[in-house]
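What follows is a pair of complexes built around subunit A, which joins subunit B in one and subunit C in the other.
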Partner chain A sequence: MNRPASLLDNALNLESTQKGRVVLVEDCVETSGAFVLHHLIKRFLSSPNLSSSDSIVLFVAFAQPFSHYDRVLRKMGCNLAAQRETKRLLFFDMLMLECPDDGVEGGLIALYGNIQKAVEVNSSNKNITLMIDDISLLEVAANGSTKDVLNFMHYCHTLTTQFGCTIITVLHEDIYSSGDGFTFPLQMEYLADITIKTEPLITGLAADVHGQLTILNKGMIDGFGSSKGKIHNFHYKIKENNVDYFYPGSRS
Partner chain B sequence: MASSKVRTSSFSRKVPAAPTSSIPGLKYGPNGTIFLSSGIPDLDKILGGGFHLGSLVMIIEDTEAPHHMLLLRTFMSQGLIHNQPVLYASPSKNPRAFLGTLPATLVSKDDKSIKSDAEQKDLRIAWQYKKYLGENKPPIEERDGKVEYCNDFDLRKPIEKHLIAGNRVECVSLLDCSSLTGIRDSCSKFLSQLPRYDGNITSAGRIAIQSFCAPQCEYYDKEWDMLSFIRSIKSMVRSSNAVAFLTFPASLLSQSVSKRWQHLADTLLSIKAIPDEDKELATLLTGYQDMLGLLSIHKVARFNTQVPVILDATTYSMKLQKRRSLVLECLNQAPVDGASGCSSSSKNTGTLDF
Partner chain C sequence: MADAVCRVLRDGALEGEHATSLTINDSVDSPFGPTVFHYVFTQLSSFISSGKSQSRGIVLVTFSRSPSITAELLKNRGIDVAGSHEWLRVLDCYTDPLGWKERLKDHGVIKTPLTEASLNVTVCKDVRKLDDLFSQILTLGKGLVGDGKNRFSVAIDSLTEMIRHTSLSSVACLLSNLRSHAQVSSIFWLLHSDLHDLKAVAAFEYMSSMVANVKPLTSENTDKFYLLEQSYKRGEFHASLKRRNGRVRVMREEFSIENSLIKFTSIAYGENAVAQSLVPKVQFNLQLSDKERSDRAKVVLPFEHQETEKSVQIYDGRKSDKHESNGASVEKSKKQEDSGRGEIIYFRDSDDEMPDSDEDPDDDLDI
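For the complex of A and B:
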């Protein structure tokens, strides 16, 4: 089952040797960006061209229980329960995480401690991917203390340089779009090497086009060795086992 | 999580239809989900079967009209008729008094079934296929005509007293709670008393919370407390067999907080009342005089799947049929501003061109 690389894979260009990147998925109420996450889990856990036996996914779930991800990924041909047994998927169920009022010691610091431990144990010669679904709920769990969440993200960011970890997170962008001077999404975008944005079509939802993706890849290196930002833009349609990506108007 | 332990292999075949008939008021849906009726047959059809068990349903209230109460009432009444435990929380001093206003089931059954049949043939030709979505329904209805998956309600008649007395109905006043921990505790206590999911569901519970962020409540200005309350309700409900139904006036929240709430909802609806004398609107929509309001569907729960539900229309008109039962109808002509992405102008009469 070797599909040709999709538009999304080409745009992400994750095959390149460069390690330790930060991917930010921005979505909104109308179009959830969860499918990008599902695609990437599958890619890291069971992609044939990547030497998959030594890639590990740390999944920090605030949004959905394990059974949800398991069933979604199973339809895409990736058995999360089995991957969890073989310790290639480390699943942190954070649905009930509550930080105490006085500080974040019990919550975020403990969580970071667990992540760091897991990364250190597996750091020898392995591709480690840290996924957080999603940052906006992490903020709620931290009782709205944006500073603590940013600190947490900066700590996680150190893992990218130290261990070559890839970080993938979801951020609900429309929360911050009301113009109340939120700097949080800007900081996250600054950290990110690749920003993937899902939006509905301006004309509303349609059965054939579920939305459009805009991908900004800051770390793309062209043939002459200089890096330049590149923007990709295409439409998508989500199916149970796959997602179709296509350029606007290229589908009859 | 209890449910994830049980269902380690999701590809085990579902036992077809046999357990469905044994549980009144519950229905198996796709992807291993279970549906529970909203109390409005049309809304169930639109949502593909009803509310998902374990989901958080949120309704954005209209600022000027109490139409969300219609949905709340039918939701609770439907629960009582199916003997499901109900927890009701509202910002009134005496929430139990609200139970007296719940509607009773529509009695004139023969009359109704003939009429709705005829109606489906005449008016809803394009909707015929929707009938097949509810194929599991007939066997339940036929069983001595008592346990229907979804009843029609007569909004003019109060529910029978014995239904309220005979069921577990808990009422909580949001005014009594200075902080949200009290409500959270009563919700978790309520949910813990429901029978756990052990491969075969026996009963389901309903939590109804009215006007959650009403300004008369003490926690009103603590937006992060409210958010974390909703988040914990969501995760509690997700791991039990219940549906939480929460209405809130979005205009009282700042825009970014309101967006957060909307992200937390599994199913998101909004209600808009129709002003009495809007002449412009009256010329655009057929049957304008009978409309109570507009119901928009922003988000449909997506459990165990990544495929979004794309409805053929997102805005429906709420009408009272014979001034009794609530029906939802497709708009016959889309509003001009089209901001809600309504694409239901299939029956364009052609008198107006946009």
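For the complex of A and C:
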């Protein structure tokens, strides 16, 4: 259990005292960012440094049903079903969410209301993490209205300042073709404090390296603590039940 | 130079003129637009709280940041937050911009949202009605400075969110109304320029008397990660100030972030360092020491107009008899009184060499 912290953990530096950050995982078809999300679920639910009642994960799933995450996390040594029993994982199954055509009234506002209600109930706990998998499907549920999605994300962002929540979201970057003024990924990058990009290697496919991670940590540049603007770049290899992270060239 | 921008905002507008306005543009490549915005805001705040500026108060319209972060920021800059009631009003368009929370609260789903207690905050429940927003800004401003001739400043963070909720033309209309209001002294706003098309950015730049662009550093190094790393620490600040007569003054500065404080440095130093490191390694000493450089600066060049109000004797080739000594004609720019200054002495090789003259060298041509 007490493995040394991985490069990813060090780069994210989520254990620092700063709260209320927004983490954006940007992935593409060749390199899915799902493993980062799995890693973070596990980290927040079974972090060795936090006593177990301290952290709560709110998981809003648009992409996969609960049984999928349960299977993946079980291989990684984390029992989601048990966590759900003890109310440390609150799972919102949004696979069937369809917003009414005439606006967001029934859909996104209600969803936001449920999220804030859950946050308020648990706000005596120290760490609340809100995970949304993923933004692109949230947009589909909102009938393709990016404006509504951005409004929804704005309201989620207010939770970070009011309750110190951490927000983790996934965005498929390559479905938004750049150049035609479609600025949705950029909007999300402005909102995020930490952006994690998963990309294939520029040099092409390799057997030992599945892709590279670039982590842009804007830090909190508006007044709190240190202002470490940091960039990390390393390669990863996904194994059966864990992921290896290493700097380029450090593996033969 | 960033200070020059702040001073112009401090001085405000003349009677019957539009309010001074500043656009701060940034892009995702250099994420320091909010930092620059806060720098300008705190500078102006300290001018206002110490009574040095034309405006007597400031209305902050905040879309992208919670008022609690503003309170934190003022505290970090050593500005008295408790005393800010005298000169600061916050119009909070962040907490509940579309009234979702209000609606959910009415349905009993959620509890009352907390409001920031240390600042004087008014929450705006529907930012799509810009007319209401305009009158709210004016009410807050007049609440600070009264109905008389006193003026106040307006800060908007950021226009990007505002445009998302409404439209370009209505935001432009709001800004134009604010600028032409007699009680508004200065106004500044932040714009994420890469989220808008060029015409939107240009429209706001026309409406502002100053434009500040926050840009990543330009570098010879093409390593992508090196550039990224640098642009998360430092950047360039380009500002253009429009004068009343239509002249535009353009300035550049470099800034770096240290301990969450922004520091502006003149860009000349940076360029010098780059230039020196580009000089190839040779056997000759191509660099000048500081003493040599200062000595060089003191040399009086043999020009007629040295602005020293003394007549300068320059050899013009016709009075050579006077100055001749040891067979060589000597020309001195002027007598040196200060031994620390250099001079240029010109020895003419021989009398055969024709001195420079006003004569047209081509007058013998027969065309």
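Basically, the second predicted complex is superposed on the first by the 240 of 252 C-alpha atoms of A that agree within 3 Å, B and C clash if a C-alpha of one lies under 4 Å from a C-alpha of the other, contacts with A are read in each partner's own complex, and residues count from 1 in each chain.
The rule is short, and it goes like this: a contact is a pair of C-beta atoms (placed from the backbone, for glycine too) under 8 Å apart; a residue touches a chain by one contact, two chains touch by 3 or more.
The structure displayed is predicted, hence computed values, not measured ones.
Answer with first, second, both or neither: which of subunit B and subunit C does A:249 touch in the superposed model?
A:249: touches no partner chain.
Between subunit B and subunit C, whom does A:32 touch in the aligned arrangement: first, second, both, or neither?
First partner only, subunit B.
Given the touch rule stated above, what does A:183 touch, subunit B (first), subunit C (second), both, or neither?
A:183: touches subunit C, not subunit B.
Which partner chains sit in contact with A:172 here, subunit B, subunit C, both or neither? Use first/second/both/neither.
First partner only.
Which residues of subunit C touch subunit A once you look at their complex with the stated criterion?
Result: residues 28, 31-32, 34-35, 38, 65-66, 68-69, 72-73, 76, 94-98, 100-101, 103-104, 107, 109-111, 113-114, 160-161, 164, 192, 194-195, 197, 225, 228-229, 232-233, 257-260 of subunit C touch subunit A.
Mind pulling up the subunit B residues that touch subunit A in the complex?
Against subunit A, subunit B makes touches at 1, 3-4, 7-11, 31-32, 223-225, 227-228, 231-232, 235, 238-239, 254-256, 259-260, 262-263, 268, 298-299, 302-308, 310, 314, 338, 340-343.
So in the complex, the part of subunit A that touches subunit C is made up of which residues?
Contacts found on subunit A: 109, 112-114, 116-117, 120, 147, 150-151, 154-155, 158, 161-162, 181, 183, 186-187, 189-190, 214, 216-218, 220-227, 229-231, 233.
Please name which positions on subunit A make contact with subunit B in the complex.
It comes out as residues 29-32, 34-35, 38, 65-68, 70-72, 74-75, 81, 93, 95-96, 98, 136-137, 140-141, 143-144, 172, 174-178, 180, 182, 200, 203-207, 210, 238-240.
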